[in-house]
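Each chain gets a letter, A, B, C and D, in the order it is written, and its residues are counted from 1.
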Amino acid sequence: MSLDLISFIVLGIITLVSGYLVVASANLMHAALFLGLSFVGVAGIYLVLGAEFLAAAQILIYVGAITTLIVFGIMVSNLQDLKAGGRGVWARVVRNLASFRRGLVPLVAAAGFAILMLVIYRQSLWPAEAPPASGSNLATVGRLLFTEYVVPFEIASVILLAAVLGAVALSRRDDQPPAGSTGQAAPAAERKEGR
Amino acid sequence: MADEEKELQSQEAPAEGSRGEHGEKQRPARRTRTPKKEEAPGPHDTLEDLPGELARAVERIRAGLPGVEVRGRRDHWLEIRTEPSRWVEVATFLRDDPELRFDYLALLTGIDRLDDGFEVVVHLNALTSNLRLILRTQVPREEPVCPTLTGVWPGANWHEREAYDLLGIRFEGHPDLRRILLKEDWVGHPLRKDYIDRRPPRKIQVKADWERRA
Amino acid sequence: MQLEQSLVQWVGNLYAAGLSWWTSLGIPEWVWVALMAVLKGVAVLTFLLLNVLFLIWLERKVAGRIQRRPGPMHHGPQGIFQTLFDALKLVIKEDIIPSQADKWVFITAPLVMIAPALMIWVVMPFGPDLIARDLNVGLLYVSAVSSFSILALIMAGWSSNNKWSTLGAMRSAAQMISYEIPLGLALVAVGMLAGTLSLKGIVEAQQERTWFLLLQPLGFLVFIVAATAEINRAPFNLPEAESELVAGFNTEYSGFRWGVFFVAEYANLLFMAGMAATLFLGGWSGPAFLPPFLWWLLKTYLFVFLIMWVGWTLPRIRVDQLMELGWKFLIPVGLANIALTGVFVILT
Amino acid sequence: MATTSPPAQAPDVRVVPDEQDRSSSHLYVSMGPQHPSTHGVLRLKARIDGERIVDVDPDIGYLHRCFEKHSEQLTYPQIVPYTDRCDYLAAINNELTFALAVEKLLGLEVPPRAQYLRVITMELQRIASHLIAFGTFAMDLGATTAFLYCWRERESIINLLEEISGARMLFHYVRIGGVRNDVTDDWLRRVRAFVDDFISDKLPQYHRLITGNRLFVRRTKGIAVLTPEDAIAWGASGPVLRGSGVARDLRKVEPYCGIEKYDFNVPVGENGDVFDRYMVRMLEMEESAKIIKQALEGIEAGDVMAPLPRRWKVEGETYVRTEGPKGEVGCYLVGDGSDKPYRLHWRAPSFVHLQLIPVISKGLLIADLVAVIGSLDPVFGEVDR
């Protein structure tokens, strides 16, 4: 039992549980936040494995950018049943388990994914033990990115650029948008019934 | 407008039912020496020898608006008295006539003249020539309806809302005739001389708009 | 210098001695390591919170002087204990969670805000040996951890179920995403010049050459503007623009939870000032008549004062102008700076 | 001066519904009545798209104190302090308007020294009011420091006025028939010193701090443009009207208190935007200081109160207006021969100006809306009365 192992187990549990909750949460906002937590857990595992660069990049990109964008997107879209979930974590878990749509599906998905991973792991061609990272892996990554993998890197950049432009084009609204398409959020929309 | 009428009726005859304490009884006001019409302008009597500018304006108005009373006062305000039916016509003429151009509405308000009904008073200004004019009309107490001037001077909007709120003069054709100073469910019009607030002091209830509507 | 080094040495000896004693007890080594990590964290935390207490007082004094008033004067000489009592008041205030709020997100948001604000100090070099952990991806770590606070602000704003909070959260998300990029660009240029991303390495590189402020004037400009925006200081304090959005994302927060946001804000201010000192003014390095740590503190407070000064003088920028400044000025300048730095690095 | 007629049909003033319209992509916010920058208890019901304003509907009345109804129960001298509470930031100007109205109906002649004192206090009050307008405006834009600088000068004015009236805000100094107290030569000297210092030192400070600031200029230039045609049609007055380029100052048009003898300019704006309204106020402070200087030179010895009638018999009606700091302060007074007014109507410039918010703020951002409110400088004492 070493610190690394304990850290790994704790982080793994965090990652898995929050990963399950991403799918199980009835509240989209919570799902997105759990997704962020799951990313943090993964970053922590990277850190434990000594891949500091990967961990920092993971947080920077997945937590700092992607989760934020998802949350932002949820916030600015007009989702009526954002808060369809009930109160209490356990109430929700029980309800999720009881409900086929919300309980079983994520379980089945998780189980399927686990089986898939297991199969891949068992039949993998690469060594299961990665060689220890040596020196500044930042320099290695940078060198590889600009020599060996420069073409995929550039292609990825172009695709991302296209995606950004596409997102801008799609989110552009006409003066009279169709009802409830891409409107403002108003979390206070729920207030009317609430009070 | 149906609600308005109900509201007015409830003022005339106090409702005995649930809202009895909100209703109002007609009662002569404590001090009601109504200024008579002829003495209303007070010390500022009609000026016979008007300064040239005013005399020209009076002539112009007499020519353009046959049948309206127009006179010049000693304090250099012109004064027009007209019927509610000609209200908008007179106002439009005053604004559009190229020599008069009363383009600035300084004030619109109402006065409760008790038996003579409500008087609507408008103070106008011509910014180019600095002519000043008071435009008045009288509407009956039983049915205080007056055409709106918002189409002539948009600035009349809130003045008319205030007159409606506090005196209960309804301005027909007003785009947005709601109470402005008092809250929406207030009963009665406090600036009327016969207004008595008979509600006992009560706790202030804060309610959201939609709750009040429901 | 001597004193500090011997102090560090002494602590190191103590650590080694403690470890051997600990293992002799038969308890696994990792418990000791974890315990020591916690101790380290507590030390940094104490230092940080003391500084934050002082900073809040300083802010009020600076604002007061700029506005020709004395600022807090009761509670101790020059009102120095004012913040302490303020903090006390915040703690004993009623803790309000709006009934329509998303309770758990509402509670978690201050934690998500304060945790990175403290975590980020891990890589800050206070002196040649005074650094919690010298990561070789220090700069990357900084920009990664600081991006957490966006999430915290959005969580706070959204979960409050208040329109002003939501507007504040949306503003902050847009603002911080926009300003993270120029901030990153400025950091990249510094990293290129130093040849390392480790903050300690950067300071050492400056000792070899000269302060990067002189080599990187453009980068410094971009950094200081973007950093001011990143920590929501005036004139970029749009997420909590009190005259527009009441209090922005923290409208519904009160008492201790609000205090946590407040502390995090000042911790971030101190950190950004410390970063500016480390990256552009040579960090702890300086003539030997002062210990390195004090040099760091001095330079940091110089930048703290600068940011406060600017904040209390300028009107607030408007949200669209903010975006324009970020995207149309800072990012192109940052990119140009990187290109220039590249040329410079190749030439020298 | 522009004299184009506005369209003949009723203007499009749409009511913003209170309820959230689920099918719409707009957000409804209620700004105020308790909001840091609504200058009192203004509530704006706004429909916004992102941060852009689609519609806004001002909702007032949270400070209604039945001033007009109340006045009908009070004798004329008793009403004077209540007029203070209309525009409480410019109490002197209100008292003056009411006093002038009653004096006109009574036919009272005010002694010349009182006239001078009225001009001095009135213009001091105008400076004080503009200082607050400027300070709060700057604070709404996030420049908190200017606010406290303004407070410093306002404090000097208040101290001066406190000395002669005993009050610090609602002065009750101008009375029917004159002013309350005579002043000493020393007081006049100190007014002089304040004005000199204000012109030479303090006002340039403000300009250096705010007017030349690029952030400030970018936030105010070209925002919420009020055309001269609209300004006239909506009954704007004071700095709002002059900011739109219409040079109408009641001190020039309908002089009172002998103000026609003074030499001063009427600053006007060019574009009618927020910046111009701000600039007009700043320049007006200078002109006010000029007027005060001339009054201090011309002031003569004598009584400060006209003999008042033993029995008040106010008859007839009059509409008297003065140029307040906010605009045309009008008092419409109907007397029935007794010692209490039959009807008193207060024409409050802020009340009229608030109508403009929906007109000029469509399509702006929330941050601009704050600037618009600041540039109109409403005071809720007189809006709600």
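In this section, contacts are C-beta pairs under 8 Å (C-beta built on N, C-alpha and C of every residue); 3 or more make two chains touch, one makes a residue touch a chain.
Predicted model only: the values in this text are computed from it and were never measured.
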{"item": "Nearest-to-centre chain - CA centroid comparison", "value": "D"}
{"item": "Dominant interface by contact count, named by its two chains", "value": "B-D"}
{"item": "Rounded Å distance, chain B centre to chain D centre (Cα mean)", "value": "25"}
{"item": "Centroid distance [mean C-alpha coordinates] between chain B and chain A, Å", "value": "66"}
{"item": "Distance between chain centroids, defined by C-alpha means - chain C, chain D (Å)", "value": "45"}
{"item": "Centroid distance [mean C-alpha coordinates] between chain D and chain A, Å", "value": "57"}
{"item": "Contacts with two or more other chains, residues of chain C listed in rising order", "value": "163, 170"}
{"item": "Two or more partner chains touched - positions in chain D", "value": "19, 27-28, 50"}
{"item": "Chain B residues counted as touching two or more neighbouring chains", "value": "208, 210"}
{"item": "Complex contact set, residues of chain C against chain A", "value": "28, 30, 33-34, 99-100, 102, 104-105, 108, 135-137, 140-141, 143-145, 147-148, 150-151, 154-155, 158, 160-163, 166, 169-170, 173, 177, 180, 196-197"}
{"item": "Complex contacts: residues of chain D adjacent to chain B", "value": "1, 3, 5-6, 8-13, 15, 18-19, 60-61, 64, 66, 68-69, 104-105, 107, 232-237, 246, 248, 253, 315-319, 321, 328, 330, 332, 334-338, 340, 342-343, 345, 347, 351-352, 354-355, 384-385"}
{"item": "In the complex with chain C, residue positions of chain A that touch it", "value": "1-3, 6, 27, 29-30, 33, 36, 52-53, 56-57, 59-60, 63-65, 67-69, 71-72, 75-76, 83, 136, 138, 185-188, 190-191, 194-195"}
{"item": "In the complex with chain D, residue positions of chain C that touch it", "value": "63, 66-69, 163-164, 167, 170-171, 234-235, 237, 241-246, 312-321"}
{"item": "In the complex, chain D residues that touch chain C", "value": "27-29, 35-37, 50-51, 138-145, 148-149, 152, 209-210, 213, 215-216, 218-219, 365-370"}
